[in-house]
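In what follows, chain A forms one complex with chain B and a second complex with chain C.
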Partner chain A sequence: MTGSATTAIAGTRTQRPGIWKRNQRALAPWLFLAPGIAMFALYVIYPIVASMWLSFYDWDGLGAKTWLGLENYVELFDDDAFYTSLYNNIIWLVLYMLAVPAGLFVALFLNQTVTGIRIYKSLFFFPFVISQVVVGLIFSWFYAPNFGLFYNLIEWLTGTGVAVLADDRYVTYGIIAAGLWPQIAYCMILYLTGLNNVAPDQIEAARLDGAKGWKMLWHIILPQLRPATFIAVVVTVIGALRSFDLVSIMTDGGPYGSSRVLSFYMFEQALSEYGFRMGYGAAIAVILFAIMMVFISGFIWKMVRDERGL
Partner chain B sequence: MKLSRKSVLLGTAAFALMATQAMAEQRTLKYYADFDPAPLAAFEAAIAEFEAANPDIDVVLQNFDHEGYKTAIRNFLSADSPDLANWYAGNRMAPFVNSGQFMDVSDVWTDNNLGETLASAKGSMTIDGKQWGVPYTYYQWGIYYNKDAYKQAGVEVPTTWAQFIDNCAKFKAAGIDCVTTGTKALWPGAGIFDYMNLRTNGYDFHMDLTAGKVAWTDDKVKNTFAEWAKLVEPGYVTANHAALDWQDAASLLIQGKAANYVMGNFAVAVFKDGGMTNDTLGFMQFPEITPGLARGEEAPTDTIHIPSGAKNVDDAKKFLAFIATADVQTKLNEALGQLPINNQSKVGDDPFLQAGFKMLSTADGGIAQFFDRDAPAEMAKVGMEGFQEFMVKPENVDKILERLEKARQRIYK
Partner chain C sequence: MFPKPIEHAAPSTQILYKVALPIALILWLLPLLGVAMTSLKPSSDLAAGNYFGLPSYIAFSNYADVFTNSPIAKYILNSFKVTIPTVIGAVAISCLSGFALAVYRFRMNLLIFFLFVAGNFVPFQILMVPVRDLTVSTGLYNTITGLALFHIAFQSGFCTLFMRNFIKGLPFELIESARVEGVSEFRIFWYIVLPLMRPAIAALSVLVFTFIWNDYFWATVLTTSAETQPVTAGLYSLNGQWIAQWQLVSAGSIIAAMPPVLMFFLMQKHFIAGLTLGATKG
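What follows is the complex of A and B.
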C-alpha cells in the first residue's frame, strides 16, 4: 500500500497508527454485524419494546392514547376469555408434542429400501407442503355436520353425529388433530435426515452384542438422533404457541370463544372487526411473549451448553 | 395555402387553450367504497349520470374488498383521505364521528330538505343533533319461510309468538327444523336476539340496551331470553348451528329440512339461486310477542360520508345531495334489490321488497340498525358470542347475562 511512502515522509506518524488501525480487530466484527444488528433492532427489539409500552395504554388505533398503567393487565387477569385461551394453549402445547414421537415412528417405518420408497416418503411429507389454510379447510369439511366424512362416520357408528367444531368440549382437540397432520410430516422429515446419519458400524456392533428391537432403538438409534429430536421439539413448541391460522380458518375462535388461543385472542382484541383495543391486545401479546421466553431461554441455554461441550 | 395553414395553427391553439381550460376546471372527487359486483355496476351508472350533470367534476371511484374495507378505512381516513367514503349508520359510525374523522353534513340535510325525504333514517344518521352522512339504501329483516314445509307439516303462517311456538312442535314432529340459522360467523344469531327483544320489550328499550343504558341483568332482558328459550330448549333450532355458515343454513331451508329463517332480504338471492321461487318462498314479519307494543323493525342502512380530510368538500356535498334524490335512489335500489330511503322513490316489483317496504313504512316503533351497528363493536362481539352460547346451552343464561353486564360496565364508561 501507500504505507511505505507515508512513513518515509512523516516518520513520527508510524509510531501512532490511526484509530482504525489500532482497533481494527475489535471493530471489524461489529462492522460486519452492523447490518444484522440494525435489522434485528428495528424488526425484533423495537416491536417488542413498543408492544410492552403500548400495553400500558388504552388506544383504539385512531384517537389519542390514554395512559392506563397496569389496568390492562388487571382486566386481563379477571377475563374468562383470557383463561380459556391460556388453557387451550396448554392443551395445544401438550398434545402437539405427540407430533415428535409420531414423526419418529413414521420415519422409522419409511427408513427402508423398497422400490418406490421415495414416492411414499414424499406422499407422507405432502401435508406439510400444503398451506395451513388449506389444511384447515379440509378438516372443517371433514368435521362438517350433515355431510362431513367424520360426522357421518360417527353417526354410522353411534347413531348420532358429533359436530366437532360446534361443540365446546371437542373443538380444541379437533383443531389440534388438524394441526398434527402437517406437524407429524415435518417431524418425520427431520428424523429421516437424522436416520441417514446414523453410524452403520455402531448398529452392527450392537447387533453383534445381541441388541434388537426396542433396546436397539432406545440405546443405539435414539441417542444418535438427539440433534433431530431437539429441532423437532423446538419447532413443535413454537408451532403450538403460535397456532393461529387453523383456529382462525376452522372456527374463528368459536363456538362462543371456546377454541381461542392467546395469539388468536390478541388478534381479535387488537385487529379484528370488533376489536381495535390495541393496548389490551398488546398486553396479551406480552403475556404470550413471556410464555415463549420461558421455552426460548431453555432452548438457548441448552444450545450454549452443547456448544461448550458440557 | 398559407392562409389555411395559419388557420389550422390558430385552430389548434384555440383547441389546446380550450382543452387546458376544461382540464383546469375539471375537479376530481375521490370516492372509496366497498361494493360487491352488482352494486358496483349500479353505482358506476349513478356516477356517470352525476358526471353528465356536472361535467366539471370527475368522480374517481376506488373499490375495496368488502371485508378488507372495514380495516382499510381506519388507515386511509387518517393517512390518505378520500373526499367520500362508504360506511354504516348508527353506532357503527360513532367512533369516526367522535374522533373527528367524519365531517358534519347537516347543511346538506337542511339545504335539500332531507329531513323530510329521508325521515326514516334521520335518527340513525344523527349524533349530537347533527347529521354525519347520507344514506342510500336499506333492507328489511324478517322471517323467510318455506311454503312447502308449512304444507308438509299442515300448519298456517302464524301471527303471534304462541302460534309460532305451537307450529314448531308440529314441525319437529314432521322432522323439520322450525327455525334454522348458521351462527359460525356469529351475526345471524344477533338478528334473532334483536327481534326477540324488539317484540318482547319494544324499540325504545332495545335502543337503551344497545346504548348501554340498561343492565343486561335487568328483568326485561331476562324476559326476552325466557321467550327465546321457548324456541331453544325444546330443540326447535337447527342443531350444530355454531358450525354452519349462514349459506349452509339457507340450503337447509331450500331443501325443506327447515321451515323458517330469521334473515335479511339479501338472502332472497341465495334462496332463489337454490331453486326457490315466489311460489315456494314466503316472507312474514316477526310475530308479536308482547301484545300492544309499538312495532319496531330491523333495517340496516348503508351510507356515504365525507371524511374530515376531504380536499374537495363542495363537490362531495353536491354528490351527497345527488345520491339523496328520489330518482337516483329508485334506480340504485332497483339494481341493488334493496329498499330506497327517500320516501318519494319507487320500490321494485319484487314481492319481498314490496312486503319489506310496507312493513318498514308502517313500523310505528322505530327502525333498528342491527345489533352490531347499534351496539359498539366490542359489545357487539361479546353479545353475539353470548347469543350463540345461549342457543347451544340455554341453561347458561344467567352466566351469559352476567358476563355481558360485566362487559357493558367496562365498555360504556
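What follows is the complex of A and C.
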C-alpha cells in the first residue's frame, strides 16, 4: 500500500515510530466507528435477534419465559385478526404507491418559474413537515360525522354522509388517504429536485426531434429521474409498511379491529390493555420484518450495484 | 426545462395557470386550513353549528385555554429535551462513522455501511420489546434520557448513510496531501474534513430535529407520564380528554406542529438539500 509508505516517510522525523504511529491508518477507522457501532449494535442489531428468539416463547413481560417452539406462529395461521392486518398492509402498500406518480404530477405542475412559485412549492410540501399525529387529528376532523368537511361534501353530492372512520368498508382507505397527503408531498419534493437537474440540452435536442408531452416525459425525462424515482419508491414502501401512527390516532385499529395493520396489531398484542403477550407480538414483528426484508434486500442489492459501479 | 416554461405558452394558458395555482393550493391544504380556522372559533360557534363559516370572533382564548388547562407546555418542553440531545448525539456519532466509512478502505467497510443502511429501514416493532426491556432494566424507562438514547442510536443509521455519502463527494486529494505532510488521522478529521461538513451538519440537524419531534411510536413505548411524554404522545392523551371539543384539539395540534414548521421555513434550503440527497446523480 502506498499509504504505509507515506506514514513511514512521515515517521522518519521521530526515529522509531510507536505502534500507534505505524498502524494509525488501520486502527483509525475502528476508533471512529466505535461509538456508532456500539450504539447501533445495542439498540438495533441485538433487539432484532432478541425479538426473533423471543418469538419462540410465551412471555408476559415480567415473569418467566416458557418455551413454545413454533406455537406462536401456528397460532398466527389461525388468527383472523392477523389476516385482517396482513390484508390491510397489502392495501396500504398498493395504494401508497400512488404517492409516487401523484408526487411526480404535482412536481410537473409546479416546475415553473412564475413569481411566487417558491412559496407555492414550500406550501405544497407543508404536510410532510407536520407530525403524523397532527395529520391524523386533522383528517379525523375532516371525516367527522355531521360536521366534518368531507362528510358534508359527500352528503351534498350523494344525499347521505359517510362516517368514514366508523365504517369498516372505508376505514382503511380513509386512513391511507390521510397518509398519502404527506407522502405525496415528500415524493413531490424529490421529483422537483430531480427535474431541476434534468439535462437541458437533451430536452432541447428532443424538442428539435419533435418530441413533446407524454413522449418527452416517458422517453427523455423519466429515465433521467430514475434516482429520484428509486428514493421515492423506497421511502413509500417503508412508509406504507411502517404505518402505525395514523391507525393509532385515527381509529385505534377499529371499528372492531378492521383497520389494524401488522405494526399496530403487534403493538396491541405486546403492550396494550389486552394483555402483555410479548412472544406473540414478537412473532408478528418477525413476520413484518420478513416482509420488509424482501424489499430492503432489493434496495440494498441495487445500492451495492451502484456502489460497485462507482 | 420540463414541462415547457409557461411564459412561452399562449397568454390565455398563462392566466389559466396563474388562476389554477392558488386554487390547487387551497384544495391541497383544505384540511389544514379547516383546522386552523376551527382553532380560532369560540366554542359557542361550534355549539351553534357554525362549522365552516368564519368565526364570529377570533378566539385566541382557545390557545390560552390549551396552555392553562393542559400540560401542553410541559409536553413541548419534553419534546425539546428529547429532540435537542438527539440531534447533537446522532450528528456527532455519524460525523465520526461517516468519516470512517468514506475515507478508509478496509475489508468490512461495505458490510458495515449496509448494516447501517438496512438497520435504518427495519420495522420499529421488531425492536420494540427488547428495546423496552433494555430501557426498563437500565432504569431508564419513562425517562427522557432513555428515549433520547434510543433515538440517537437509531438515527445514527440514517445519519451515517448521509454523512458517508457527503464525505465521499469531498475532494480526496485534500486528505491525501495532508497525509503526505504527516498530519495525524484525527487532525485530518478535525481540521480538514469537519469544517467542510458544515452544510451536511446543518441539513442533517434540521432533518433529525423534525423526525424526532414528530416521533410518536417510541414516545408511546418508552414514556408513560405527563412528566416525560413528548408532545406527540401528549396530544394523543389530550385528544382522549377533549372529546368533541374540536376547537381545543385544533389549537393543540397547531401548537404541536409549530416548532418543526418554523424550523422548516427558517432552514428550508438545508431541509430540502438533506431530504433530496441522492435524488440526483452527482
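Heads up, the rule we're going with is that the second predicted complex is superposed on the first by the 272 of 310 C-alpha atoms of A that agree within 3 Å, B and C clash if a C-alpha of one lies under 4 Å from a C-alpha of the other, contacts with A are read in each partner's own complex, and residues count from 1 in each chain.
Please note the rule applied: contacts are C-beta pairs under 8 Å (C-beta built on N, C-alpha and C of every residue); 3 or more make two chains touch, one makes a residue touch a chain.
Values in this document were obtained by computation on a predicted structure and should not be read as measured data.
In the superposition on chain A, contact of A:66 is made with neither chain B nor chain C. Looking at the shared chain after the overlay, A:48 reaches chain C, while chain B stays out of its contact range.
Applying the stated contact rule after C-alpha superposition, one finds that A:80 touches chain B and leaves chain C untouched. When the shared chain is aligned, chain C comes close enough to touch A:263, but chain B does not.
When both complexes are overlaid on chain A, the residue A:255 reaches chain B alone and has no touch with chain C.
When the two structures are aligned on the shared chain, A:23 is found in touch with neither chain B nor chain C. By the touch criterion defined above, A:163 reaches chain B but does not reach chain C. Comparing chain B with chain C, more residues of chain A are touched by C. In the overlay built on the shared chain, the residue A:277 is in contact with chain B alone; chain C does not reach it. In the superposition on chain A, the residues of chain A contacting both chain B and chain C are 61, 144, 271. Within the complex, the chain B residues that touch chain A are 67, 70-71, 74, 77-78, 95-96, 98-99, 101, 183-186, 239-244, 372, 377-378, 380-381, 385-386, 388-389, 392, 403, 410. Within the complex formed with chain C, the chain A residues making contact are 3, 6-7, 9-11, 13, 24-26, 28-30, 32-33, 35-37, 39-40, 42-48, 50-51, 54, 61, 108-109, 111-114, 117, 120, 122-127, 129-134, 137-139, 141-142, 144, 147, 149, 152, 181, 186, 189-191, 193-198, 200, 203, 212, 216-217, 220-221, 227-228, 231, 234, 238, 241-242, 244-245, 248-249, 262-263, 266-267, 270-271, 278, 281-282, 284-286, 288-289, 292, 295-296, 299-300, 303-304, 307. Of all residues in chain C, those touching chain A in their complex are 1-7, 17-18, 21, 24-25, 28-32, 34-35, 38, 46, 49, 51-52, 93-94, 96-97, 99-101, 103-104, 106, 109-110, 112, 114-119, 121-134, 149-150, 152-154, 156-157, 160, 179-182, 184-186, 189, 210, 213-214, 216-217, 220-221, 232, 235-236, 239, 246, 249-250, 253, 256-257, 260-261, 264-265, 268, 272, 275-276, 278-281.
Listing the residues of chain A that touch chain B in their complex gives 60-63, 75, 80, 143-146, 163-166, 168, 251-252, 254-257, 268, 271-277.
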